[in-house]
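In what comes next, subunit A is part of two complexes: it sits with subunit B in the first one and with subunit C in the second one.
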Partner chain A sequence: MALDTVAIAQTSPDTKQPFAELGLKPDEYARIKEILNRRPTSSELAMYSVMWSEHCSYKSSKVHLKQFGEKAPHSDALLVGIGENAGVVDVGQGYAVTFKIESHNHPSFIEPYQGAATGVGGIVRDILTMGARPIAVMDPLRFGPADAPDTKRVLPGIVAGIGGYGNCLGLPNIGGEITFDQTYLGNPLVNALCVGVMRHDQIKLAKASGAGNLVVLFGAKTGGDGIGGVSVLASETFGASGPAKRPSVQVGDPFVEKVLIECSLEIFAEDLVVGIQDLGGAGLSCATSELASGGSGGMQVQLDKVPLRDPSLSPEEILMSESQERMCAIVEPKHIARFLEICAKWDVTVDVIGEVTDGDRLIITWHGEVIVDVPPRTVAHEGPVYNRPLAQPDYINIVNAQVIDVPLPKTAEEIKAAMLTIASTPNLADKSWVTSQYDKYVQGNTILAQPEDAGMVRVDESTQLGVAISTDANANWSYLNPYEGAKLALAEAARNIAVAGAKPLAVTNCLNFGSPEDPGVMWQFAETVRGLADGCLEMGLPVTGGNVSFYNQTGDVAILPTPVIGVLGVIQDVRTRTPMGIPAAGLDLYLLGETKNDLAGSEWAFLHNQRGGQSPTADLQREMKLIDFLLANNSIFKSAHDLSQGGLAATLVEATLKNNVGATITLGDVGIELLSETPSRVLIAIDPKDAAKITYPATKIGTTGGTSLTINGAEISLDELRTVHTSTFPKLFG
Partner chain B sequence: MRIGVVTFPGTLDDRDAARAVKYAGAEAVSLWHGDADLKGVDAVILPGGFSYGDYLRCGAISRFAPVMTEIIAQANKGMPLLGICNGFQVLCEAHLLPGALTRNHELHFLCRDQTLKIENTTSAWTSNFTKGQEIVIPLKNGEGSFQCDDETLKLLEDNNRIVARYVGENPNGSRNLIAGITNERGNVVGLMPHPEHAIDSLTGPSTDGLPFFTSVLTALVGK
Partner chain C sequence: MGKIVVDVMLKPEILDPQGKAVAAALPRLGFSFATDVRQGKRFEITVDGDVTPAQIAEVEKAAEVLLANPVIETFTVRAE
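The block that comes next holds the complex of A and B.
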């Protein structure tokens, strides 16, 4: 295929272009022609197609996501809100923290190791791009049934990829979740969160301003990976005898990323950039158009200056390449010498590829010929917006009408059997097989890590200021009621922060759903966003950003609606944190909150193949009272552990096994009290002398000590409990 | 006392090692891989990480860094030198210590709190322990399986050159449960687990790692 230039496009309006193969609808293609007043060149077509994709443009979700802005609670903590690479929150003492979660679901299904690895790499660069030093990562994961052959293929690869990349970056992995469900078979969810810290005055934004400033590309050389759909264009270049179709999953090089992080932080410290953007999805197309669009609009780029590791790449492929570990900076000419010097120190490849102009067009040339001439906002920020049809799916009324009917343990034997089942079922079993593949110690600031309720890292060694992060989702509840499900996930994440002793501050989210073209899925999505926005407003927690992943479905079967909610909190002195494990004998155990018959969506119901019923209703006022109580009385808790999936049963297993301290428990309606998943509950251990200080509805359920967990006379030795709890994963995946 | 901490491209635990040096009461001095100047330090630590991505063989490229030429020369004259994890791998590649660290026998990265038994209390980095003392410090690596030929193993065993051994189940397949070794002179120590992550019970499993860093101060004062 000959080079397609703007000049050629102007004189050949009728050339047939593969817009449909690139994923554009006829009306979208028509709109591009209208914007440009001619047909697009093949490079422009490639740029528009990828930037107007669902992944980059949020075209199906935008109309709903705007609620996060409209319903935003007032918050003094928010320094940078939605729209930038990641939101930034003030945590005091002059520190700002940025955090975000993103999905890398589809690549991780195709190539588990590289898909998961580059998911970590991408989110870390988003955080770095804000000017922050990344300080921790965590990874909520979801898979098909634990014993399914494909789960045995994807899970070990995904875990190794997260570890392989994150460990090599020197970022502690401090939390996450692993849940199994049939609907994730063929659609594993790999969500990656990163948190970073900087001083207030170090915040960087994605904008290219100041005519004459230089556009600098630094990091890895550009290769043919991650090109995906654009191979439609590429295939015409090479014909049948040329190189094979390129891999559409990117390949990561964590060593290059580690060096890029240190190099970038040194550049930021000397304040050498005007604006910066990482190259992730849609590569240079995205970075150049977003930088130009975020600034005054004018930019000229010489694409032939881009350093390549595959010299056979066409300009369309260079624009689309999703090669990892690359950054694009806008640098004033007076700073360029120092910028290049720092790159040389770190052996980072760097080239000036263009400059900011005072026009309002993004112009890209290839050996002197203009191949792209577009208004950048139309590529980056003014893509199509769809108000897709939505309708409550038929299953909702059917499942909501069902009544959960499961056997509940009553006798000592039944209680013991239920406890061993809960302790060993894959969703609740010990995850050390996974988390021991992640470095949790590096950087020396990890205060709490998995399996604690929240991950916690110290931000300042001299003042002991710290931040806590928790990610939560309960897809079973979201399936029954997506509006309540989103609120309940928010409540749980916030509770997990408070349980650890930190004050919830801000929210991020990763919304994983099926196809937006299915009105039922779109309804689940809309209800989820409405629930989350309402919940955040009620709890006074701003949404700082997020990510939407659609098309997680196989045929007609969509995944359970899975909004993963991340909450960030701040703790003034990390030495006051509360761990989840019972630390000693002789303490009293109290259950904060009230237990109702909430078996719908519970692990116990799931274990009995029952998916119906009605989810609990989120009572966020009650949740906030609980959080206030937890924060005000943190000093009397010897340990505190949230109740969620698996109810009190799962909480007792984890709280006793952590430090090998047993407990004797007495319950009334033992089956419900052990297995119901009523929200807003926490198990605390306190010194008996502090009993009068409990000013929140609470029930004393037992005392600590011994080498067994005994519930209403059913004695289970901790050794036996540990054996079943820890052997599930090694048996499945070892 | 001034203790140098080397940063190679891809080094990760340099800040942690520097913190441990400070906790022990000494001054930590950053040393850059490309700079042959040791800045007059009294001892050197090669911290953990993935220098040069560990792509060729762990430590195989780092041993050629300009800073290593000077470190090797000084170590051969008796300067205390500690290699932790990737640093241990560099010491083996540099032939300051015998043997090699290979892939863990279960073939994946392993991060866990590990019990060790201190076997040698005469090296520059272990004199503040008592012989037979059991400690718990983090272990985290993908290639930590210590291997050597039978002759070398006998030499190490017979000459009290095993610094520490793993207690309990072998975490990575190391011969004779070896977690760390020293050279004949006792000034160079390679250790696979991470004492720098066990200096404060707030951020680590114990404070059992601290004596490695105070030992070297004792050794330097006694010189």
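The block that comes next holds the complex of A and C.
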């Protein structure tokens, strides 16, 4: 292909361009021509097409996401908000913490191992880019039915990819979720979260300012990886027969990333950069236009200076390449020598590829010829915005009118059978088969990890300051009522933080949905964002950033609306954390909160193939009272465990098996009390002498001890319970 | 007894961390000839009697689903 330059574009307005193949709509293509006052060059077309894709431009979600800013609660803790690579939160003692969650759903379906691995790599670089040292990762996952053949293909690959990449980086994986549902068949969800820590004065931003400053590309060389991955992979629905195109996927190299992390942190420590951006989706197109747009706007880049792994790449391909493990920095000329020295020390490939200029144009040349000359804001931040039609889907009224009718256990035999079912069903069974493939304790700062309610890591060894993170989503509730579902997921994630003894501080989210071109899906999305924004305002928790993943559907069937909500909390002394497992015999078990008949959207209803009724209504005032009580009385809890999917039944299984301490439980309406999933409930174990200190509505439901879990006379030995709880995953995937 | 050989290589545009490591190690050991190294894998499959075209076709099918990952790798099948 001959080189297409700006000069040629000016004199050949009628050249036919493959804008549709690149995912641009005719009106979007027309708008590019209007912005440039000529047809785009092929390089410009490549840049606009990837940057204006749904994945990069948030063009369908923007109009809704702005509520996170409009309804933002006042927060002294927020140091950097939405818009940067990741939000930054003050956790005290001069420390700042940054965290973010992103999806890598589509790549992980095509190539499970590399898709999941590069998902981890990408989110880790986002955190690094803020100036922080990454300290832990977490991965909420969703799959099709556990026994489906395609789940057997994608799950082991995805788990191995997450483990392979994260373990090589030396980052502990401290939690996540695994849920199975028919709608995720062909659309597995791989969400990756990373948390990093830095001192306040080390925060870095993605902006290119100061004319004469140098644009430096460092890290891996550029190859033909994932070209067009953004526009083709993440913004197009797969046909029902699976992926028709097989675009080249990215392959990560965690050892290069590890070196890049150390190299970058040394560069940050000497304060050698003005701005920095990692190269993820849309590669150099994204990094150069976002850096320029974040600064004054002017930048000149010599694309032929980009170090290549494959010398045959065309300029368009270089601009779109998604080769992993690359970063782009803006460096003052006086610091460049030292910058190059540090890169040489770490054996990191580095090249100066351009400089910041006066003016407001991003100009890219290829061996002296101008191939891109654009206002960078039009590429990066002022892309198309769609106010897509939305309409409440017909199913809502139908399913909301349904009444859940499931058999509830009454006799001792039925209770035992129900407990064994809950303990062994894939959604609630022991996940060690997965999490044992992840390194949970590397770096020696992990305080709590899966299966605890929240993951917790120590930030400072001398003061024992720590942070806790939990991610939650209940897609069943979101399906029945996306507004309440989002609030309930937020409430659950915040509760999980408080249960562990940490104070919730801030929120991130990964919103996984079907096609935005379907008004019903768009309504689910709009309701979810409205619910989350209202919930965050009411609970005083700012949203620091997040990610939207659309087009998670096969043919006409969209996934369940799956807003994964991550909450970050701080704990002053990690030694005061509360574990989830009952630690000893002779304690009293109390259930905090009230149990109602909330079987709609429950695991028990799901097990009986019922997905109807009305989701519970989120009562966030009650949730906050519960959180306040948990934090104020942390010292009397010998253990505390949240009630969520699977209700009290699942909580009792986990709390007793953790340390092999049994319990004797007496319940009134045993079926409902075991299986209802009413929110805002926590199981605590306390010393009987502390009973008077419980100043929150609570019911004593039993005592601890023995080698069995006995509920209203139904005795289940912990050995039997453990056998069914731990054998599900090895049987399915071993 | 016949032998069928399957050579599997990463597609040219795919990053090959192993090959890269080898390429970096060669000059350290005094070998200066290489400008690039790509590493693949080779399967040797033994069959009864002479190799038939039908067996080659079958091995090609097997390579598609098991021996190679066609998303990121290419393969060639030949009798030896």
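Some observations on this one:
Criterion: the second predicted complex is superposed on the first by the 715 of 734 C-alpha atoms of A that agree within 3 Å, B and C clash if a C-alpha of one lies under 4 Å from a C-alpha of the other, contacts with A are read in each partner's own complex, and residues count from 1 in each chain.
The rule is short, and it goes like this: a contact is a pair of C-beta atoms (placed from the backbone, for glycine too) under 8 Å apart; a residue touches a chain by one contact, two chains touch by 3 or more.
Keep in mind it's a predicted model, so treat the numbers as computed, not measured.
When both complexes are overlaid on subunit A, subunit B and subunit C end up sitting side by side without clashing.
Touch criterion met: A:253 reaches subunit B and subunit C at once.
Applying the stated contact rule after C-alpha superposition, one finds that A:111 touches subunit C and leaves subunit B untouched. Between subunit B and subunit C, the partner in contact with more residues of subunit A is B.
Judged by the touch definition given at the top, the superposed model places A:458 against subunit B, while subunit C stays out of reach.
In the superposed model, A:438 lies in contact with subunit B only, and not with subunit C. Between the C-alpha centres of subunit B and subunit C, as viewed from that of subunit A, the superposed structures give an angle of 60°, to the nearest 10.
In the superposition on chain A, A:446 contacts subunit B only, with no contact to subunit C.
Contacts of A:167 after superposition: subunit B is touched, whereas subunit C is not reached. Contacts of A:323 after superposition on the shared chain: subunit C is touched, whereas subunit B is not. After the two structures are overlaid on chain A, the closest C-alpha atoms of subunit B and subunit C sit 5 Å apart. In the superposition on chain A, subunit A positions 253, 255-256 are in contact with subunit B in one complex as well as with subunit C in the other. Those residues of subunit A whose C-beta lies close enough to touch subunit C in the complex are 110-111, 114, 220, 223-225, 227, 246, 248-253, 255-256, 309-310, 323-324.
Subunit B meets subunit A in the complex at residues 9-10, 12-13, 15-16, 19, 49-50, 52-55, 106, 108-112, 138, 140, 142, 194, 196-197, 202-204. Listed in rising order, the residues of subunit A touching subunit B in the complex are 160, 163-164, 167-170, 253-256, 258-259, 346-347, 432, 435-447, 458, 461, 574-575, 734. The touching residues of subunit C, when paired with subunit A in their complex, are 10-17, 20, 69-72.
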